[in-house]
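The structure's right below; bear with me while I get my questions together.
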Amino acid sequence: MFFGDSITAAGIKPGGYIMKIDSMLKLQGLSEQYELIGAGVSANKVTDLYLRLEEDVLAKSPDIVVIYIGVNDVWHKRTSGTGTDADKFERFYNAILKKLADKNIKAILCTPAAIGERTDMTNDFDGDLNKYCAIIRGIATKNNLPLVDLRKALLDYNLKNNPDNKEAGILTTDKVHLNAKGNEVVASEMLKTIKNYQ
Amino acid sequence: MFFGDSITAAGIKPGGYIMKIDSMLKLQGLSEQYELIGAGVSANKVTDLYLRLEEDVLAKSPDIVVIYIGVNDVWHKRTSGTGTDADKFERFYNAILKKLADKNIKAILCTPAAIGERTDMTNDFDGDLNKYCAIIRGIATKNNLPLVDLRKALLDYNLKNNPDNKEAGILTTDKVHLNAKGNEVVASEMLKTIKNYQ
Amino acid sequence: MFFGDSITAAGIKPGGYIMKIDSMLKLQGLSEQYELIGAGVSANKVTDLYLRLEEDVLAKSPDIVVIYIGVNDVWHKRTSGTGTDADKFERFYNAILKKLADKNIKAILCTPAAIGERTDMTNDFDGDLNKYCAIIRGIATKNNLPLVDLRKALLDYNLKNNPDNKEAGILTTDKVHLNAKGNEVVASEMLKTIKNYQ
Amino acid sequence: MFFGDSITAAGIKPGGYIMKIDSMLKLQGLSEQYELIGAGVSANKVTDLYLRLEEDVLAKSPDIVVIYIGVNDVWHKRTSGTGTDADKFERFYNAILKKLADKNIKAILCTPAAIGERTDMTNDFDGDLNKYCAIIRGIATKNNLPLVDLRKALLDYNLKNNPDNKEAGILTTDKVHLNAKGNEVVASEMLKTIKNYQ
């Protein structure tokens, strides 16, 4: 189950990253071993995931939950004044993990990939987004949970493929949401981790 | 037990509203019937109350909890970008009430009194603060719980006693935190409701 | 000349308030006495008006400039973090008026009408918007300039015609931009002042 | 003349960077060639510099003006909702430079040094601050004006001397304002450029 925001909500649309994972599994003859479920809701922050965890996740008893959250926690600080404090981001993230662990549901963590694709750290939210990625990496380490470091993967890709330091258009359509190539990179990164996590 | 933010944290200091309620109870010969406990933490929003509910409230099994929250949920939208969305304010408020009800702890609700004392609705946050007060009044009605409408009480007092339309200095020291008269008005309003709630 | 933001930019479209003023003038047989020019740019704040004053206004030597600004100065505080400080709003407004006066161009001031149409002061930005309207009214008084108090006109209309306390749909399409009735009310208020100002 | 915000206002206090430049000039036997004047005002943004340029700078006919601005233009986006849009930052900066050039006053530009001293780009405002530094570097290049790249100088110093990735305490007291060592680094960087600019 893929639990996240609008990026994940788009993941189940044609060309979306969840659809691409599904295709990859089919190509590898593994599609019968996995059932993929999307659980993304637009504009979600970590507190939204927490509030809908029972109904949207626990009630469906998934084996593995891929948590992909954090963009709006940072972004909404400026676009609506209702971002998430760093300390509370960590506390609600941990509260979600505890409820999953109590039900023996496995968790895979992801760092939020991008709000802007410039590679020289001049995207408006780079500092804060890096900070929240560091928090998530810390949570993964402390809890010994697998991490899909999408922030690193997308930045590495851009460092090679975005020589003009563009804000969008390499892996995203609009600095945040994934284009075809972006969905492919995310799908490929996630699948590696999912397959190794038994 | 008084559960809130810095206004409540100041309530247990000399001259604070909780100390004043204590004095009033003594004068009325009722001090043996009540034990007052402060549980205010500076900068708290509704999500902070939720996160520390178990440890700071449920673990102490109070009979009645007076919830006085909301100023920072509005104010922090502009001072740190981490205010609380209106819908989530209501959901976390209700989540707190549910956990109190599950333990048979009674709740008294308060509206957040003021961010600025001007009486002509030109305080920066008046619109949003009024909106969150309306949410709390709605929660009280829906759950049939007693409400101390501090917003209304302080505005009524200011309409009579703030002819120069000052931003602070009538009932607050700094637009938000209570001065001596402010603590007295809040104590008096709360005590009426506490005494009626058996 | 009508100098403002997206509301004014929409004023020259079919059904817009500038077009309506034009129609009203025709009906009253006055159309030959007035040439109406729109100078609205989307997302403009008072600093934008100041920066494009020379090119867009002074270079065209209008007789009268109707200044209709302020919504974004308040609104952008939360939607992009780049609203205008109250003291600087006043200083740049006065700097515009000084440059107009130096060229003997007459000015008519308007208060920003609405960010939300609820009538009980629970629109998110009511407090701050009221504050900026008070600043504009003060500027008009100090400079002895005519004022079109659109904030008051729209609120008065809503108090009579918005019994359900709706956020939008009475005079605006989206809490800010004018619908047909809104354009009519604004046109009618402005025309009264323009005709009296010779 | 040093034209800026609270960092520059502190520059004329004992130990401040302007005082340190004065001491350095004395040590080098150059103090008679320079008269240093502080013109820093707390909380200033580029629009504040523009508004007080006539009175505080032009009226005093300095030979050289060192412009050190930008921290609050970024920071205030989140702390008060009244930061400066990137495009308007550039336009008001250029408007200041034009007025200085019209009076044959030389300008030296500085990049804003820091809002947080962490070296791994996890300070909250790193992305946006880098963006405004890039704007200032571009203005310097376009206008062929000398640049004191304080952002680079402080980061370089931290990369060598802040192995624990601390947020403050290396060159600043509070992530923004300079401590003794910070004042020394800034003074030294500025003096190099001032001495070369005849």
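Observations, loosely collected:
As written, the chain order gives the labels A, B, C and D, with residue 1 at the start of each chain.
Keep this in mind: contacts are C-beta pairs under 8 Å (C-beta built on N, C-alpha and C of every residue); 3 or more make two chains touch, one makes a residue touch a chain.
Because the structure is a prediction, the values reported are computed rather than measured.
Counting hops only between chains that touch, chain B reaches chain D in a minimum of 1.
Of all chains, D has its CA centroid at the greatest distance from the CA centroid of chain B. Between the CA-based centres of chain A and chain D the separation comes to 38 Å, rounded to the whole angstrom. Between the Cα centres of chain A and chain B there is a gap of 38 Å.
Within chain B, contacts with two or more other chains are made by residues 77-78, 80-81.
Residues 77-78, 81, 116, 120-131, 134 of chain C are the ones that touch chain B when the two sit in their complex.
Those residues of chain C whose C-beta lies close enough to touch chain D in the complex are 47-48, 51, 76-78, 80-85, 88, 91-92, 95. Here chain A touches chain C in the complex through residues 78-81, going by the rule given at the top.
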